[in-house]
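So that you can tell them apart, the chains are marked A, B, C and D in the order they are listed, and the count of residues begins at 1 in each.
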């Protein structure tokens, strides 16, 4: 599958979790795509941690404003009904459980629901940003990611070995191969991506997977 | 009541070794003119507190290309390669602070608190060595106040009492930083007379502002 | 997204034994119509969280004259004789909380904190039995979050997404209480369409609001 | 001296401590009078903890507004340059040391700088209000009070015996007889009220007073 198609598929699967009126925060990169796949008939309000509720899509070219940006610095718009607030309140909102869902990219996740996405020691150290606050507070914490890294290694681990962003915080993991929920019993396979076999997923997953009788599909 | 001064005068107040906070999020809400003025100063060993170091050539970014900054408390440096290079080379020490907790810690300093118990980063390196509290089955870590000597902030307009209003999302870290430092210097596009702002529209009350600089002056 | 309901429907949601927060400072910012609706309910054993109990015949005051309220967390009862009488008679239990610390503790609940270290009341009865922190020669006491099941608040206007604006000083405890409860019900003079409030003028974002009641309806 | 004259004298003495541009919070009762005695040529901005900076005098009769009140519930006005904010920020301001002076009434004060003004056990229990926050945070904490109670007992004690509002928080005490500063060495007599002798003050004071060589007067 093309990379863009994969990303669309992941975004669509995550968007299907959203309910009418939900407040949702999307991380930069892959998660941004979720906004393009909101199911028809429902309205979702996007929060950006730098200080807006009601973030809208990119402006028309030439209409960008320096003081209307998302958490990655990219230009956004404000939808009718939007509000601006300072970062102190924005993160109070996030940590206090008022945001229904946050979606983040990940370097690694594990079967306990931990996530690593802020540094690779000795290599990349972009820093934490708002990610640690987001994973500690949102009601649903979703990782949107590719199942394997570019060397073919599983990014779905028994235990993350990179420095953690959040310890036991995820509720859902959606990759180009599967959707998996973190449950008290362990990592539960929920859906397979169309064209991916159960065997493919098991081979591509380092974590212990709970395989229920009925597994759905997504595309 | 704040005094109106020039950008040069503002920059001249800051000395080597000072703890300074600079407001803004990826340049939005950052006092870029004050950054330019500070860039011209021949000082070093600053301790810089900011959400991020912006871009290599904009916002806080240029400060990092000179020896000005020795230590950083920051949540993100991913948009500034110079910061990453100098950090990896051991030329700058960094304490990474989760963005919301950075706001909390600065606010704690500005509001006279001794610290807060935070749920953020429990089970990660952020929690290492920190006092914990167990409450209703959750673990919290003690985060201490972060205080600055100077805060350099940015608003759209100030009245002559230092009351501030912002453009759109640019308020981000400005109010908490105005509270969290001994001396707050605000850069604005416009200075208006007392009474021109409505009491309801003021975002940052003038009590937190010590000096006002009009951008470019 | 909040639902628009009547004052009666709002009051009917509240049951005996619930923990409720009521906003306002000496009636300003108090949802008086919701108080009237709640007064008509036949419930008891409420735990009430508020800055003060207002006046005997206004604001929160009337609630105190009925058996509704069993316990109070409050900073001041000096303007309400009934509260004082019933407190002295042992009919109501009161935890006195310094006003600013009441705001902090409610905000802590709403912002997911485990507590804050406060300098207020050190060396007084407020500090008794509380964990302490010594820092830079000062003593701080641990203040735990105060959380409500319902918050009843009051604004001038809401849009249909629950974004709120206030009249003059009436914002007082409203925003923190909107954050600090599971379910927030706001009483307003006016409900306007989405888009009629500017994003810059919103004081309490709609994310904290669950139900809107138009005063008198 | 008439009660009103006494109160004016106390207020005037306290107002003399204020500098141009200071931010000041006045408690209800006696302290309110300080606003009427600001020295000519200086501007002082009054904070009221329920959410205003730039509180002005009582409005004209008929112009009172329910949402423009002081901490005692009395009607006020907003001067040009005023701002409104919520109580959370108001007390952040107060506790964080941003307010230059707070003036409070007192039932008792002591030579260590402690103050009691929120309850008399078994009798009056109005509650704490904002007083405990104010005494913990303002740069100058001033007690404005009568030197003796109505039974002729000193209210200036070695050690308060009523429940404290603040432990070792006062910087200045001004009564109808004297102005006294709390210093690391103890309670220092600064000024005598006009017509009051050193002997009168010593007799009326239960606390140990440090008497310097030069004592001023106020009226």
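Everything that follows uses one rule, which is that a residue touches a chain if its C-beta (ideal position, glycine included) is under 8 Å from a C-beta of that chain, and two chains touch if they have at least 3 such contacts.
Being a predicted model, the structure only gives us computed values, none of them experimental.
K.L.:
Of the chain pairs A-C and A-B, which one is connected by the greater count of C-beta contacts?
P.N.:
A-B
K.L.:
Taking each chain's centre as the mean of its CA atoms, how far is chain B from chain C in angstrom?
P.N.:
Comparing mean C-alpha positions, chain C is 32 Å from chain B.
K.L.:
Where the CA atoms of chain B average out and where those of chain D average out, how many Å apart are those spots?
P.N.:
About 35 Å separates the centre of chain B from that of chain D.
K.L.:
Roughly how many whole angstrom separate the Cα centroids of chain A and chain B?
P.N.:
Using C-alpha averages as centres, the distance is 29 Å.
K.L.:
Which positions in chain D are in touch with at least two other chains?
P.N.:
52, 78, 84-85, 91-92, 95, 136-137
K.L.:
Two-or-more-chain contact residues of chain B, please, as numbers and ranges.
P.N.:
Answer for chain B, listing residues that touch two or more other chains: 104, 107, 112-113, 118-119, 166, 168, 199-200.
K.L.:
Among line, ring, star, complete and other, which one matches the pattern of chain touches?
P.N.:
Graph shape here is other: it fits none of the named patterns.
K.L.:
Spell out all pairs of chains that touch, sorted by label.
P.N.:
A-B, A-C, B-C, B-D, C-D
K.L.:
Could you please specify the touching residues of chain B with respect to chain C in the complex?
P.N.:
It comes out as residues 104, 108, 112-119, 133, 135, 138, 140, 142, 144, 165-166, 168, 199-201.
K.L.:
Report the residues of chain B in contact with chain D in the complex, numbered from low to high.
P.N.:
By the definition above, chain B touches chain D via 1, 107, 109-113, 159-161, 163, 179, 194-195, 197, 199-200, 202, 205-208.
K.L.:
Which residues of chain B touch chain A once you look at their complex with the stated criterion?
P.N.:
Those in contact with chain A are residues 25-29, 51-52, 74-79, 84, 87-88, 94, 96-101, 103-104, 107, 118-126, 166-176, 203.
K.L.:
Which residues of chain A touch chain C once you look at their complex with the stated criterion?
P.N.:
Going through chain A, the ones touching chain C are 20-21, 23, 43, 45, 47, 52-54, 78, 80-85, 89, 91-93, 95-99, 136-137.
K.L.:
Using the touch rule from the top, collect the residues of chain D that touch chain C in their complex.
P.N.:
48-52, 65-69, 73, 78, 84-88, 90-92, 94-95, 114, 118, 124-133, 136-137, 163-168
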